[in-house]
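Two complexes come next, and they have one chain in common, chain A, joined by chain B in the first and chain C in the second.
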Partner chain A sequence: MAAPLTLLLIVAVTIRAALYRSSLADLISERVEVVSPLTAWKRVVEGLALLDLGVSPYSGDVFHETPLIIYLFHFLVDYAEITFMLADVITAVALYLTVKEYNKQVFRKQKYALEADRYPLDCLELIRSPKEMFYIPLKVAMFYLLNPFTILSCVAKSTCGLNNAVLSLFILATVKGNVLLSAIFLSLATYQSIYPLTLCASALLYLMQRQYIPVNFRRASFWWFIVQYAFMYLGSLFVIVCLSFFLLGSWDFLPSVYGFILSVPDLTPNIGLFWYFFAEMFEHFRLFFLCVFQINVFFYTIPLSIKLKEHPVFLIFMQLAVISIFKSYPTVGDIALYMAFLPMWSHLHRFLRNIFLVCCVLLTCSALFPVLWHLWIYAGSANSNFYYAITLLFNVAQILLVSDYFYAFLRREHHLCYGLYLKRKDGYEATLVLK
Partner chain B sequence: MAAHGCNYSALLLIICSVSVFIVADSQDTTLSGGHHAAAVEDNPQAATEAAGKTSEQPAVEERSWEATEVEEATLHEAAGDKQDTPAPETEAPSPVPQPKDDFQEELVIRPLHSGDIYASFQFRTLWETDFMSGNKVSHYRLFPKSLGQVISKFSVRELHISFTQGYWRTMQWGQPFQPAPPGAELWVWFQDSVTDVDGTWKELTNVLSGIFCASLNFIDSTNTVQPSASFKPLGIGNVTDHRFLRYATLPREIVCTENLTPWKKLLPCGSKAGLTVLLKSEKLFHSSFHSQAVHIRPVCQDWQCKTTSWELRQTLNVVFDLHTSGQGKREWSLFKMFSRTLTEACPLASSSKIYIDITDDPQGELFELSPATPLLSQAMVLGDRRTFSVYDLMQPVTFGTVRSLNPLIRWKSSEGDMLRPLLHAERYVAGYGLQTGEIHTLMYNNHPYRSFPVLLLDTVPWYLRLYIHTLTVTSKGKDNKPSYIHYQPSKDRLRPHLLEMLVQLPPNSVTEVTVQFERALLKWTEYTPDPNHGFYVGSSVISSLVPSIVAMDTNITMDRPLFSSFFPCKEESSFFVRVYTEPLLVNLPTPDFSMPYNVICLTCTVVAVGYGSLYNLLTRSFQIEEPSPGLAKRLANIIRRMRGVPPL
Partner chain C sequence: MKILTLFSLFVTYSSGNSINIEENAGQFFSSGHTNNWAVLVCTSRFWFNYRHVANTLSVYRSVKRLGIPDSHIVLMLADDMACNHRNPKPATVFSHKNMELNVYGDDVEVDYRGYEVTVENFLRVLTGRLPPSTPRSKRLLSDDRSNILIYLTGHGGNGFLKFQDSEEISNVELADAFEQMWQKRRYNELLFIIDTCQGASMYERFYSPNLMALASSQVGEDSLSHQPDLAIGVHLMDRYTFYLLEFLEDIHPASKSNMNDLFKVCPKSQCVSTPGHRTDLFLRDPGSVLITDFFGSVRKIEITMETINLTDPIQQVELSPVNEELQIEKYSYADQLPVSEIIHQKPKQRDWHPPDGFILGLWTLILLVFFKTYGMKHLKHIF
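Showing the complex of A and B:
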């Protein structure tokens, strides 16, 4: 397995290196779909220039990266391309190892269930075989590395690639059962962009499942584990934030990074739902809708954790998807991360309802983004509504994609419990409905 | 800054024409006595005039020379009389007891090489009082009460405000006496006793907005900056802590009669008498350039600066177009320009004069001026020595027999070449599309062999996000690193970008400053009512000490005493110039203004789709769909339920 992975990495790095050398790199790094005000490389360079001028990068409203990023690039600015390629490689390898480990566990669990005769007889075709699972880790790595979204994001040097690397390391640490590393990487991810905070729940569920701690509010071991994890998580977050403070000597970065993410003052168009909504919002409703939209991102954590408490890895996937759809400054790099997980759920394909339609819509939208942007901004023959319409459609497609996978996952679980070919009372073939 | 001390032309007066008594205008004592001597020496033919003395002397020549102080950006008057070499008696300038307040008016007319004509009015009120001390100043004579109250209420140390319609074309017209950017400009130095400078500034702009009937109330933190070096106090006082300075421009401000009327009301004579009768708006605003300004500052009362007084200087500059108002004929008169003639000076004025610039035409070949005036005056203006014909309105003889004065200039030929201004700048936006762009500022140094430093001040609104790492300064194809950069990045909806830098301009070169920016999408309520017209970006301000033209003169063969021509910079070697570039008009991407409801509905729908589909999956469970009972059975069941019988 190492050989194909190496080959894949070489191909991916070659593509990126070639694109860095081409004239497309400048074009790509200006695309609003690829870079947001939070992640644009141009703004990182601006922050470094401000530091050189002796001005605090957070005194203006151009730079919104965290202090660690600026200090990282203070040393690595000349090796930026290598850094971003390396970040992608790390992400891919981490995902590869994650999936490999996860597959092992799935297989083990399935074996126990089979031995215990927990599956109905007609469900044998739902059972996953090691043969079909063999290539999934490679597929996941390939989905990440060769996804045009990832490539664009890497060529634009969007710092989203670094966030993805941190997130994938977090997932790897969690799946491997390393509590401390999981907490540290999660706090790093949170530090970079608040939203991964919601992944806390899935990490806890997974780690507890792995350590055979029952999820039971009355059990002391449950609470003890939560306290442990929270302590590690908050402790490392505290250390990182304090480190930033000492690097910078002021707390300016808090409003400039987190205030900026939460209050959405920059309405530069992107693929998300926020920009046009808040550009057109009536001023006195602004705060209300801001709260509604931001709560919306965090809101799904608890119900999803309850529903998927047996399947924390799927929960991670769901939450990554929800974050990347509803966050305030989404870019295609965020989408690439959760899309990399899709091969993991290839066994759900028979239950997907409208995957073809959704794929078509996603592809069409991706092609239409630059076209309508050109018509609006350069040609002047379209207006902002055209671009806005495409972002709406793109987000609807993403929502349908995610909910379709969620539906398929739940349905498969249902079948594993009750059998695949269900019959109605009168003996006819039954149709399943949600009630 | 350099503005202070520039001008005194101390001049000698040669007296001439028979019947004229020249009252050498009794001088406001000059600030710096040091310049006297220097200036004196270069006047070879000397006659003497003691200050304040009227002297009758036999006519030596046809024209008389008069000591003049000439207005300039710096505005310090030099008093004029000098003791002189051939004269036996040497008198120190004798301090004449000054009245507590004093008013002077003057008009300078300069024919421009383009055929246009430039008229510059200045009205100066001096008042020896102290607004800042505890006791309230309540008796106003010449000084306008409204401004006096503003000074004392807001603890203003210096106030400069200008309203300009049109753009001053430096390359065609040369340097103006008082530069001003298009639109409104306001800069104020506060006393260092002011604690809440921003609050005071906000109140002050609102009050001034009322006084001048202008939209100065639109000055807020998003267009106010504190330049660190470009705007230094012009009056006395050496506090230069720029925390007490506020500078703002409104490039979009449109200046018209409603601004002129309150401005005229500040004058002691209103528009009733004196030069102000010429200020009729129907003519003034039918011009290529119109700029009116008010400058308030503390100045020294005597040259030892024992007492200070407040100076209010009201200026009005206007350029009349050759074609629109002259009907293409190169002939000008006061009546043609202003549709009025002069019949008297303002009775309250201590001096009232008209200067006509005849430097380009010393022998009267190029144009002809009538009625001819016997008085001549020479002054250093903006580094150049200029000669003026003077009409003194205080002398009844000026008005002649018709009791009215209407100077007329008639060109004889249209040639003549203007010396290119030494410093000149222009600015434009490059790039296409509504996403990014690049601001180019070009600064021309036309001096043949000297380089000089300039201070460039750029204020860019926050919605054009500047990327300072893209800043490049090139001259003659080479990188020209600024020796000083002061950059303050913008805050969204709070404050603009401020970029100040000190650049050395090599001789005879163009220096190009470029910086890239990104256009922001604003909230729909933040756009102006005509969003597709674009947004204005105020002029760049270029302040510099420019080597003077007189010092540049390399023509050794010119007819001049040898003793004066060995060292090149015998006169002041440089003078202060402020140049404003064009304001920019930049388009921003716009949302669709008719859509707020639609957008709110559609986006909320998408969020609801997300919420709904997840909610559906989260709360419901899979069940086998049982065939629904037939209609008859259902009806029967309803009836049975009503009867309280278990359903079928």
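Showing the complex of A and C:
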């Protein structure tokens, strides 16, 4: 499978290089849907310029990326385009390897379950075969690389691409079972934006199941593993934060990066839910609603991990989706990452109910974003309500997509336990409802 | 005999005259200005603000009557009352009821009309920063020997004046504009009159020299309108400007009335509000400032056959660049751009480097993780 992957990589790199050379690059790098105050490239350049002038890059509300990004781009600022293309390539290759490894796991578990005769007889058509799963890794890589969102994010040189690379390396390390690397990449991802903290639970679940540690609160080995992982994770986070302190010699990156993400002072419109609310909110209630919105991101971790404790990779997908929708400054680059996972669950297509609606809404909203922005800002005939309506609709469509896949996944699991053609007590066909 | 008396009379007359000429020569240049300008602004639109347009036009009329030509007047009217379709007497703007006085006349030249009257345009006129395509009639082409009269009227509040019901100019902006004018030597002396509610707040922030300001009401007071005309249906004038117009109607180009008389215009009994004035920034005594120094364009002409020795007062001014110690207060231009430094700018260098300890620490950690992951046995393949 190396040859098709290489071909795919070459095609993707060509598209991005072509777009870099065209005049669209400047246009795209200013779109608010693609870059946010956290990830914009011109802010990185501005931060580096401030540093050359002898001023801390965090002075003034310009630069909100971490010091390691400063270090990275201090040497690579002339080769920025190659860096971002390389980040996309790394992400795609990591996702490819992840899915290959995961397929092996899935197939192995299925084989054991079949041998143990745990599936009812009529759901044999739900069993996955290696033949149908053969092209999934390539499809995942293709979904990531050729997704217009990813291409836009790469051409805009948004640092979201780097974040995606670190996250996909984390997922690769987790799925391969390497505890240390998984902890280190997760701490890098958390260091850059706080929200990947929620992926801790899914990584823990997966690694424990891979090492055959029972996921049971009363077992000592469970807690010991958690302690080990937490130590590695927190230790590496601490080391990275201290290193960042030594880079610039001051702690003022902490309020500029983490304070900025958590307290959302910049209300530039984006595709998220925060800006409109906080623009119209009274100061008195601001802290309260800030807490509500931020807790909303972290809140789904525990219930989802309890429900999906048998299926940690699906849990990772759900968590990534929840982060991309509810984070304080989302961009289309975040969406591209979790959408890359969709071919992994293509066997669920017979249980998906809303997929046509979701596709239509997502496409329409993506097309309407620039239109309503132009009408609001340039033509002056619309206002922020129009743009926020499209934002809301876009997020509702994403939530619908994610919950649809959740329903389909759980329904498949249910059928695998209880049989495909379920009958109610009076013999009629039953319908399954997600409560 | 008759020739002798005539001759003696002539000698005494001429000698008497020559003494007068010598004295007058001193007074000749006492005001220091050689030309007059007026910027008259009405900032309100809509029919019910008829009185603001009438205010401005009445000052325009007085100023023009006393000699300032249209080329030296910048008249800004935010709305057209004369040709408004609610005007029962088109092409007229009256200032007295029963249509006694039409201030619109046949020769009104409005330079900024309608939506052109904005804060930006007003400030650009004052500071002279207009695009090159602006015609001369829309420019304030004053120099450092100009006396400028600035008259503003409209709706205002504490520290601001409303333009066109959509934007405001604040007293700080106005003070800064006047400072720009001073630094660019755009006026010799400036008289600022404002007829709005709480008008005194607009001159509170002035800090440039040679400014005198009058306002129709103090902070916290409203300026009231004078009288409605029942045929036209709106109030025709504001009280302060009404009495100002009456005062100015008595002024003629040769009159010697001074500013102290102007301060007495419209006392509280007539105006209901308390007019205010500010003279602390003005270098001359207000009692020595003639009304026609600002409201008219009075050229002093004395016909004489004598030769006059233009003595000290004039020479001192001319010699001042040489004898610097004679000058008490020295004004200087603001610092210009450091052009020489910009021209010889060095190329930008990257000055910042990450500290060595950081690089060392980071790469050590990366190497450690690498070897932990892939096992120490790989070391032997590398080395």
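As a working rule, the second predicted complex is superposed on the first by the 433 of 435 C-alpha atoms of A that agree within 3 Å, B and C clash if a C-alpha of one lies under 4 Å from a C-alpha of the other, contacts with A are read in each partner's own complex, and residues count from 1 in each chain.
Everything that follows uses one rule, which is that a residue touches a chain if its C-beta (ideal position, glycine included) is under 8 Å from a C-beta of that chain, and two chains touch if they have at least 3 such contacts.
It should be emphasised that the depicted structure is a prediction, and the values quoted were computed from it without experimental measurement.
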Put the two structures on top of each other at chain A: do chain B and chain C fit, or clash?
-> clash
Would you check which partner chain A:L243 touches, where first means chain B only, second means chain C only, and both and neither mean what they say?
-> second
Regarding the shared-chain residue A:N395, is it in contact with chain B (first), chain C (second), both, or neither?
-> first
Chain B versus chain C, judged by how many residues of chain A each one touches | B
What is the contact status of A:I355 with respect to chain B (first) and chain C (second): first, second, both, or neither?
-> neither
Taking the superposition as given, does A:L51 touch the first partner, chain B, the second, chain C, both, or neither?
-> second
For A:L72, decide between first (touching chain B), second (touching chain C), both and neither.
-> neither
Partner chain(s) touched by A:L416 [first = chain B, second = chain C, both, neither] | neither
Both chain B and chain C touch chain A at residues 53
What residues of chain A sit close enough to touch chain C in their complex?
-> 51-54, 71, 74, 178, 180-181, 184, 239, 243, 246-247, 249
Quick one: which bits of chain A touch chain B in the complex? Just the residue numbers, please.
-> 30, 32, 42, 45-46, 48-50, 53, 55, 59-62, 265-269, 273, 275-283, 289, 293, 296, 300, 303-304, 306-307, 322, 325-326, 376-378, 383-385, 388, 392, 395-396, 399-400, 403, 406-407, 410-411, 414, 422, 424-426, 430-435
Chain A-facing residues of chain B, complex = 432-436, 462, 465-469, 485, 487-493, 497, 518, 520-525, 589-592, 595-596, 599-600, 602-603, 606-607, 609-611, 613-614, 616-627
Spell out the residues on chain C that touch chain A in their complex, using ranges where they run on.
-> 348-355, 357-358, 361-362, 365, 369, 372-373
